[in-house]
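Take a look at these structures.
Each of the next two complexes has subunit A plus one more chain, namely subunit B in the first and subunit C in the second.
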Partner chain A sequence: MAQERSALLLHRQLGELMKNPVEGFSAGLIDDDDIYKWEVLIIGPPDTLFEGGFFKAHLYFPKDYPLKPPKMKFISDVWHPNIDKNGDVCISILHEPGDDKYGYEKANERWLPIHTVETILLSVISMLADPNDESPANVDAAKDWRENPAEFKKKVARCVRKSQEE
Partner chain B sequence: MAEEGTLHYDPDKNYDEETLAQQRIIEKQIAGTQDFVTERLDFSVLEQEYAEDPVYIKKVRSLKSKYLCLRKTRGDGNCFYRAFGFAYFEKLLEDQEEFNRFRDVASKSKDVLVSLGFPQFTIEDFHDTFMEVVDKVGSQCPLEELHKIFNDQGYSDYLVVYLRLLVSGHLQKEADFFSNFVEGDRTIKEFCNQEVEPMGKESDHIHIIALTAVTGVSVRVEYMDRGGETTNAHDFPDGSTPKIALLYRPGHYDILYT
Partner chain C sequence: MGNCLKSPTADDISLLRGGDSPVDGQDPTLLGPPPPYQESAPVYHPAPNISRPAHLLTEEEQIKIAQRIGLIQHLPCGEYDGSKKARECVICMGEFSIGDKLRYLPCMHIYHKDCIDDWLMRSFTCPSCMEPVDAALLTTFDGSN
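Up next, the complex of A and B:
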């Protein structure tokens, strides 16, 4: 029951995104037979270090979506404080509300059942432009970003170039 | 987890994931032992629960003098919504006039939410499911079917989400009034995002006031806690004639029947 419902909703969301694309990303399925696994292409936001890049990422939806959030993983290399070295995106909107273990994430940015693929990706795009270095998933990237902007810029530029070749 | 008094922090470990995994195990354990909404139960279940507790036993007796039986709900933070939803829909099965009133309110509620800025796309999904169940009630489906719907997680959680959205919408619509009752320096919008819309967040007076106001359904809550000799009834809104009765024990709501 819960499964049919989430599949139906994901089909509708995908159809809607195909019909009315949202600026900044495009979305499709990894495998046409599995509605729970999406592939998205995020365009590096203009006027940021990521401008010019095309970053591929996967979204994995649980069967009880939208009650529970999907997981997101970048397939392209992205040097960013909130994306860990395996590509896993660590952003509060993809986490369920709960008591904040470290007290760094405001609960109002947490997962809500009314969020959609669009609201998730818009948050991720804004995260690219504006890293949150209080809760880094990639500690080295956070350190670069804070203490050595030139190095950070160089590593990001490398990711952007690489993403253009993929 | 860490040993007593020491915290071995491993930077390569994802603690958030670990907490969530543990939370899911606990959820599963609860799910295995307790329906979302039980059958009607005799008060002896409460007497057994409090066999060693003279204060509560006295209160169970006072409840028994006012009510026939109860249904328990699962303690997953959604119990108020689930108890309210089930008790009221059960009532609607035998009250066509009240059903007609409520169906109208429920059917218009989507546009109200959309006008408040909720995304139409997602609201529609929850609203459609909510109305599907409302119409089942309208067709006077057997009580067993309603009971089954409320114990089917797919349906049941969708109903809870929609009731939460109704509460959130009402609080935001009447933000000027309700902002006086929100603790801390949070806006109503923040309060709704943190304490109303997320699943599993428990309900307080402000949620009950909002849900009874937006649905037009009066509720009696019998408060059973440590103080006093008997349970204390409170009607929402004050002075109204309640359609349903709920039992409140600290942190939890169940359904009462007269």
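Up next, the complex of A and C:
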């Protein structure tokens, strides 16, 4: 029951994104037979250090989506305070509401069942432009960003170049 | 102590997630008599990020969940008759059809009953406006007194 519901909702979103693509990213499935695994290509937002890059990422939806959030992982290298060194994206809207043991996030910034691939990716694009260094997933990137902008810029530029070659 | 979460009323059944699916394809007849409380293994969410079958809930969690079920049942519900402005359930992105069961939250947001009840068991907030439903409910109760 939950599975049928999540599959139907994801098919609806995929159809909608095919019909009316959204600026800033493109989305599709990793494997046409598995609606729960998406591959997206995020265009580095203009006027940011990430401009010019094309970053590939995967979204893994649970069977009880939209009650639970998907996990998102960048396949392309991205040097960013909120993306850990394995590529896992760490932003508050992908965290379930509930007991936040670190107390960093307000409940209203966390997962809601009305989030879609589109709203998630728009949040991620805004995160690329505007890192949140209060709870970094990549401590070294956060340190660069705060204390050594030149080094941060250099490492991001390297990711952008690499993403263009992929 | 009795377990009020086991009461098999029609309303409760709709709140039990996955309660109607067999347990991992195991044939219970091969395992002898099933242990009590595991026959249908409904899963509850004492906190949104915690999933536990009913028999593993602490007493405190059982009370919390029973209270939550009670509160949800106090929220008005009805059937879509085409007269409301809202046309779509933003949780499943499906359009309301005549006869669909709807749930009305105190903040005036409307969802399919099944879609929102599952969410409210995890987090007692309106997904659209993030208004805590219990606070709004209490205000409604105060107002009616």
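We adopt the following convention: the second predicted complex is superposed on the first by the 166 of 166 C-alpha atoms of A that agree within 3 Å, B and C clash if a C-alpha of one lies under 4 Å from a C-alpha of the other, contacts with A are read in each partner's own complex, and residues count from 1 in each chain.
Following the convention adopted for this analysis, a contact is a pair of C-beta atoms (placed from the backbone, for glycine too) under 8 Å apart; a residue touches a chain by one contact, two chains touch by 3 or more.
From a predicted model like this one, the values you see are computed outputs, not experimental measurements.
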Put the two structures on top of each other at subunit A: do subunit B and subunit C fit, or clash? clash
Contact-wise, after the overlay, does A:Ile114 reach subunit B, subunit C, both or neither (first, second, both, neither)? both
Considering only the touch criterion stated at the top, classify A:Lys19 as touching first (subunit B), second (subunit C), both, or neither. neither
In the superposition, subunit B vs subunit C on subunit A residues touched: B
So, A:Val139: does it touch subunit B (first), subunit C (second), both, or neither? first
Residues of subunit A that lie at the interface with subunit B and also at the interface with subunit C: 1-2, 5, 9, 12-13, 64, 66-67, 96-98, 107-108, 112-114, 116
So in the complex, the part of subunit B that touches subunit A is made up of which residues? 11, 15-16, 19-20, 23, 118-119, 121-123, 125-126, 129, 152-155, 157-158, 161, 165, 190, 193-194, 197-201
Considering the complex alone, what residue numbers of subunit A touch subunit C? 1-2, 5, 8-9, 12-13, 64, 66-67, 96-99, 107-108, 112-114, 116
If we count contacts the way the header does, which residues on subunit C are in touch with subunit A in the complex? 17-18, 20, 47-50, 90-94, 115, 118-119, 122-123, 125, 127-128, 130
Using the touch definition from the top, list the residues of subunit A that touch subunit B in their complex. 1-5, 9, 12-13, 16, 64, 66-67, 90, 95-98, 101, 107-108, 110-116, 119, 139
